[in-house]
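The following block contains the structure, expressed as C-alpha cells.
Letters are used for the chains, namely A, B, C and D, taken in the order the chains are written, and counting of residues starts over at 1 for each.
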C-alpha cells in the first residue's frame, strides 16, 4: 500500500492535525473529530452540520466556513461518524436559529445522524432538521432497499443551503432549499481503479488493466457493471445518459454541471472529461449555466470521476454564486 | 494505461476544450494553445506570460486570471511549448507596460522562451523580461550543468508577481519581485509511483511496492535516490531537511509553506503530510506565516508530493494575500 | 458451567466475541470488500477493543449494566452501519436482562429483544442479506431449545449452529439493505459480512457460556 | 549517386530520417524514460511528420530553402529541448548551404555550422551526454573524409559510424546537460536519447545520399 500516512489507524486524526495547521481560520475539536468555523456558533444563523466517513476530502471538513458548513464531523475512513460527534457539533453551531443536518443516504450515516438527532432533542431545546441526499442514479431506487446513495449533489446542497443560511433565512426554508437541490440533482460515477482503505492495506477490488467500473459510489464499492476501457468521449456518454434518463434536464434555466474527480485522477483528465461531458449535454439540448470541475468528493486514491447535474433557476443560481470562504470552495467577497 | 482520455495525441487540445467550456471567463486560443484572461490585454498593466509542458494542471492555464497570469502557453505533455506560442501570447497580453515571461528552468523551456523573446524583440517594440525559476534542491547546482529545476516556487512567483502587476507596478519592479521570490524559495519532492505519459502508454519508471523516489521533479524523471517506503513523518523530514539545509528559513517574518500534490495523491494524504511537515518545521524553529495545501503543480497521475518554503516579509505577504481570481487559486474580492 | 448467566459469564462472552473478531478481522474486511466498503472487520475490531477496555476500566455490577455498557461503547466507537446496529442489539438486550442471573429463557427473550431493536433501527427483513439473517434463526433456535427444555449449553449450541447456517444462506441472496444493495445482481454469491460477525457472536456464547467448544 | 547534393537528395535524406525516427520512436522514448521524461521519440516523430508534410505541401526550391524549412518546422512543432536544438541545427546548415548543389566539403561545413549552432543554443560540451556527443564526432569524421578526398558516400559512411560510436560513448557518461543531469550519478549506464536520434540522422544520410546501406 503506497500512501503518505503513518499508522493506518491514525489516518483521520493525523489529517485533522494537518487541517488545523493549514487553516487557522477553522477550529478543530480533535477529541470529537469536528471541524468548526472559527466563529461558530454564529448568533441568529441556522447552523449547518454535515459529516460522514473520512476519505472524501475536501468533503466535508474542507467545506466548513462562511457561506457553507458550520461544522463537519469526521468518521473513520469510509465509516459514518458516531452520534456523540454530531451531538457535539450541533451544540457547537447552535446560534439560536436551529440546526440542519446534511446526511448522505448510507445506512450507517442515516442511523448515526438519526440517533444524534434523537439525543439532541432529548438533551436540549435545539431544533434539528435532517436532509438526506440520494442522487446516485447508478442505484435502483425502491421502497424495499436502502435506496440511492448520496454523492455529488451533497456538495451542491452544502453550498446552496450554506448560502441561504448565511443570508439569515429560517431553518425550514434552508431545509426546503436543501431538499430542492437534492430533488433536482442526479449523479453517476465511474472508476478506472479501486481505492485502498488504509486499514485494509490492499485494493478493495481488482480491476484488470483493460476494464473499468461503471456506477461506482465513493466508498470503493464495486460499481453496477464492469465494462472494457473506453475513450473519454464514450465514458462521458455512459455517465450522462442515465442521468438524463432519470430526470428531464432540458429547458428552463439550464443546469449546473459538477464534474468530480475521485482522488487519483489529475485535473488534466478532468478537464478533458469535462469537454466530452459538455459535448454530450449539448447534443441532448441541455444548457450549461454553471460548472465546477475538480476533486471535491473523493474516494481515497480511486482513479475515476462522477458527473452531477443540477437543474437550476434564478434562486439556486443566486445562492450558488453567493460568496463562500472555505478551504475547498472559495469565491465572492 | 488507465486514463480518462481519447486519442493520446489529442490530450492537450481536448483538455483545452474542457478548460474553455468550464471557464467562460477565460479566452482560449485553441490554434496556438494559449489560455488568456478574458479581458487581455489590460491596458497599462504589465502582462504576465508563463507556460510549459502540459501534465501539470492547474499550472499554468488554471492560474490565468485577475491577480495572476495574463496568458499561459500549453505545450505537449512534458514538452515545452514552441516559440510561436509565446510570441502570440506576448502580443496578446501587451497592454503597453511590457511583458514578463515566467520560465521554469528546463533546457527546453529556457531555449524556447529565449527564442520567443528574440522574436518578439525583432518583430515589435514590446519589452520582454524573462525570469527563470530554479528552486529544486534535489538537483545539485553548478555552473557546468543545466542547474536546478523550477518547481513549486513557480506557483508562488506567478501569484506574487501577478499581484504586483495587478497593482500597476512597472515591469522592472514586477520582474525584481519574481526574482526575489525565486531567490527566497526552495523545494524538494518525492514520488510513491511513476506517472504515465499518455503517448508513451506505460509508466516512465518502475518502482517496487516497497520503494519510493526522493528528489523527483514534475516530469516523471526518476529522483535522486530510491529508498524504502517510510511513514509520512519520516518523509516530511526527508523533504524539509535538505530545504532547510540550503537556505536559512528561521527568524524573520516566517515562511509560506506550500505542500503540493503530484496528481495521484488525494487531499486526505496531503493534509496528513502537512501535519508532519508543520511539525518538522516547528522542531527546526521555522515559523509558518501562510500555507497552501493541494495539487497545484502536478506530474500527470504521479502519487507523491513536494514541499516548497518561501521566506516572506511584509511586502511578499501583502502580495500573497492580495485578491486573485483564477480557476486554480481564488481569494479576496 | 452454571445454568444461570451472571455478569462474569456475560463478560466472558463479550471478551470471547472480541477475541473472535480480532481473529477474523481480515476475513470480515475481505467479505466487506467484495460487496461493501472493506471496513467491517476494522469497525468491529475497533468497537470490541473499546468494549474490552471499558470492561477492564469499570467492571459493571450486573448483566443489565454490562450489556448497556457494551451497547453504549459500540454506539460511540464504531460508527457506520454496524455501530448503531450492534449497539442497539446490546442496549435492547440490557433492557430485557434485569440485574439478576439470566436463565436460558431470559437470555432467549433478551436476544430476541436485541433482534427486534436491530430490525427497528435498520428496517431489514429476513432475506435482505444482512446480520438479521443470522440473528433471526439464532433467536428461533434459542426459543426452540427453551421450549424443548434443553440445557442452556444445548440451546446455545443449537442457536450458534442456526446462526452459522443463516450466515451461509446469505451467499445466494440478492442484497436489499446496506451497501451491498448498491451492487444489485452482483451481490449474489457473496457472504454477508454482518451475518458473519453475528455468527461469531453466537459462537462466542457457546465457548464462553456453554463451557464447550463451538461444535 | 552524384557527388553533388541537390534539393532532391536532401529531401530524400530528411524523409529517410523521418522514417527512421518513426521506426525508432518507441526506443527513443524508452531511452528518455530511463533518464528523462519519456517524450523524445514522441517529440521527434511529431516534428519529423510535420517536416514531411511541409515538404509535401511546399517543395522548397533549393538546398538552403529546404534546410531552412525543416529547421523552422521543427522549431514551431517540437518544443522541448530537441525542438530548438534540431531546429537550430538545420537553420544553421541552411545558412551555410547556399542555393546550388552541395559537394562533400560544403556539406561538411554546413553540418559543422549546425553543430556550432547546437552548442551556442544549448551550451553543451563534449562529454556532457547529449546529442553533441554524436554530432561532434560525425563532423570530425566528415572533415577527415573531405581532407582525405574520400567520395561523399565514403565520407558519409565514416561520419555515420562516428556518430554511432559517439552515441555509444554516452552510456558511461555522467549527464551534465538536459534533464538527465538531474539524475546525477544515476544517469550513468544509460544511452542518451538525443545522441541516439542524431546517430539516426547520420544513418539516414548514408541511405539517402550515399545510395548505400548504413554499414
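We adopt the following convention: a residue touches a chain if its C-beta (ideal position, glycine included) is under 8 Å from a C-beta of that chain, and two chains touch if they have at least 3 such contacts.
Computed from a predicted structure; not experimentally measured.
Chemist: Common contacts of subunit A and subunit B?
Modeler: Shared contacts of subunit A and subunit B: no chain.
Chemist: With chain centres defined as mean CA positions, report which chain is farthest from subunit A.
Modeler: So the chain farthest away from subunit A turns out to be D.
Chemist: Take the average of all CA coordinates in subunit B, do the same for subunit C, and state the distance between these two points in whole angstrom.
Modeler: So the centre of subunit B lies 55 Å away from the centre of subunit C.
Chemist: Hey, how far is the Cα centre of subunit B from the one of subunit D, in Å?
Modeler: Centres of subunit B and subunit D (C-alpha means) sit 32 Å apart.
Chemist: In their shared complex, at which residues does subunit C touch subunit A?
Modeler: 29, 33-39, 42-43, 46, 75-85, 121-122, 176-179, 181-184, 186
Chemist: In their shared complex, at which residues does subunit A touch subunit B?
Modeler: Counting only subunit A, the residues touching subunit B are 2-7, 11, 14-22, 54-55, 57-58, 62, 192-193, 209, 212, 229, 231-233, 235, 259, 263-276, 278, 288, 291, 293, 295, 298, 300-301, 303-305, 325, 330-331, 333.
Chemist: Spell out the residues on subunit A that touch subunit C in their complex, using ranges where they run on.
Modeler: Counting only subunit A, the residues touching subunit C are 9, 53, 75-84, 106-108, 111-112, 115, 136, 138-140, 142, 144-146, 149, 197, 199-200, 204-205, 217, 219-222, 224-225.
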